[in-house]
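Labels A, B, C and D are assigned to the chains in the order they are written; within every chain, residues are numbered from 1.
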């Protein structure tokens, strides 16, 4: 099987110039943990997830959590988020995005997803335009 | 905030004696990637996820994917799964399950989830009975 | 902790319309108000209980998009969910309330999907597990196709074995088997047919006779709320009559009134009230529910106002 | 690639009932058949197109549980989804078809949630991005509250700037602004009111006059499908009349017939057919849809059978 046989043809994405606030609204409504970031033409230019938002709000949050010595206050995180919520997503997205094309073998995506511990991989056409997404669950659905 | 303020009070779980087939039906319908395993009284005795099912079907699958030298055939996985689908989930679940109780601080769960790269952590009462689940998304929902 | 069972849930859609006009080839109407909510009688009881802060678990059979919608919306209400999944789509029921005729709604129900034995086995496993942590089980509504008519009897018996109170609210052919298991309280639903246990209900005496038949099986209380006379509550040795002043009720939506009644009773029993007092409160909760657009009245001050309109009288010894 | 726009989608629930009986305090009916599906006119066109293998993207505004259900069910149909989220719940529409009176259904629609400017800005951004990859845009149905009446004009103009064909299927007050932008094809929806562009439609001449008013703005084709006479297709220099034999149609469900018509036209245009031939096919698809219980007829052999019942005649020069 190929990517096109297992992908979800949903184009939910955020534009690079949209605010973190708009992103959070989208993640909440669509119940996704992360979405591709696209430019005006629909070309994938990045990926942004809830985790990136937390990282943005408190760059050393995960570090703090990892060191048992000090547990940060969650309110602190909420306050910082309030300050940056109008910033464009492009400032916080992961630019070096892993994507696949529709004709690739499903086993190759499985490899990518498992190797990189990804939940979702954007699918793009030859021009880099978003055409859908492969979710870890789609992959397993194909197996089970 | 405490766990009880952010948890999802959903008791979706699988009984230890149920088959992998029943588990797969449940995961598919409820759109969950994993569920707690309970005994007859509702005590949490394990956790099982899609990933464990794959591992069960092909114990060295992830290994194979990690070594670029050989990519396994997905059909092989489906065939093995067919052979073991009537086995009880207890044979393949993770027994050493990480859980929290309702009165713990949310920051402690955040720590657990992030440190262990978990998506979902069962919540149990003083008798070890399942009372709900904390999902990574609940945690972020509380922040955002 | 209360457990409610809804084996045939539905998503309820309520439309209030001014009129239904012939427009071209259709009788078209634009609703000026709509209300949608997870439904089915047990789920309605759960929603009532959650609204007054009584912790409860909703169990039953759900499937498809509508099943997911039901589960999500109960979660938002603060209800603990523990459903069993089926492969088919859960039904949606529709009520259309025409302005000025809100007391005579058009209701379109569908039967619901056929249930397999495998699903019932799965449900029973989950049910038995839940019996370890609840003090009262509410069994409400009809049974979907494929479920044996005697299924409520089995569920009541399992609960009784574990020493748990059961309250049954169902109608027609489901009443007798449930009564046979001897639940704590049974309220036959006689909205569609004024008959119970093969006994036509025409006056107080026939109601008391029907009630006695159910008590004979070990049922502790029978409530017959019917609109023929005052409502009647019957126990092994007493009979009470409850009279409500329904004349001044402004009917906005009858859907959920019977379930608010059951919810109100359980709410008060949890607070330690006697059964007759709890029933009186339940009737008030039912009446308050009729006066609001939403299915369930969440405002207890409206319930308390109705409570003053209800009198409770002991009629005498039920053994005579 | 086709793009369909549904700014006011709905989840459609269709119930077939034998009769509606007075039972106690309600007019109760148990449906003997139900059909539910994502709906709204543009979405119906998407479902039709997907059923015949025409790749298409569905855009529009969705919210809440019902919004999620719509998105999921379109995904299952193989339609590419790119919706804009709103905070409110998407509406559900109901059609009740009484046995023997399927040609005069009861339809209960609600208005749909009020749309904010912020949501429209977000939608427009997504729309402009999508224009880079489609060859035809279908704009169908009414606009929800909060959306300016002239919104279709804006959408048609944006598409035309990029050299993309537009097909508009809307009624009442939305017709004139859309026509002003000069779409490729416009089919005014006159099921509710036999009037368009302030012109009452009483006979062929009045239909042609109304059509000309739309052509004056740069519209290339106007289709008036109305049931008064034969259906009429008007271009700048020609008029065609299409006559269908509707007498022998067994009406099972009219919902979606108009959308199958639009879907059929686009399907045939994609296959390289001329506009009049495509319209003839569209009419056949619409008629086939009426004869099946499902909203959309997925069986092309039924469409081909209807096609033989439709004649296409050139009436003459439209400039006279």
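Here, a contact is a pair of C-beta atoms (placed from the backbone, for glycine too) under 8 Å apart; a residue touches a chain by one contact, two chains touch by 3 or more.
On a predicted model such as this, the values are computed, not experimentally measured, just so you know.
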Averaging C-alpha coordinates per chain, one finds the centres of subunit C and subunit D separated by a number of Å equal to 41
Distance from subunit B to subunit A - Cα centre to Cα centre, in angstrom:
22
Subunit B to subunit D: how many Å between their CA centres?
45
How many angstrom lie between the centres of subunit B and subunit C, each centre taken as the mean Cα position?
35
Listed in rising order, subunit A residues that touch 2 or more other chains are 31
Got the subunit C residues that touch at least 2 other chains?
68
Which word fits how the chains touch one another: line, ring, star, complete or other?
ring
All touching chain pairs, where touch follows the definition stated at the start:
A-B, A-D, B-C, C-D
Using the touch rule from the top, collect the residues of subunit B that touch subunit A in their complex.
1, 24, 28, 31, 33, 50, 53-54, 62, 65-66, 71-74, 77-78, 81, 106-108, 110-111, 114-115, 117, 136-137, 140-144
For subunit D, which residues are in contact with subunit A within the complex?
57, 63, 67-68, 71, 75, 78-83, 85, 87, 122, 125, 128-130, 132-133
Once bound in the complex, which stretches of subunit B touch subunit C?
8-12, 15, 22, 25-26, 29-31, 38, 40-42, 129, 131-132
Please output the residues of subunit C touching subunit D within their complex, sorted ascending.
13, 15, 17, 20, 22-31, 34, 36, 65-66, 68-69, 72-73, 89, 91-92, 94, 96, 103-111, 191-194, 254
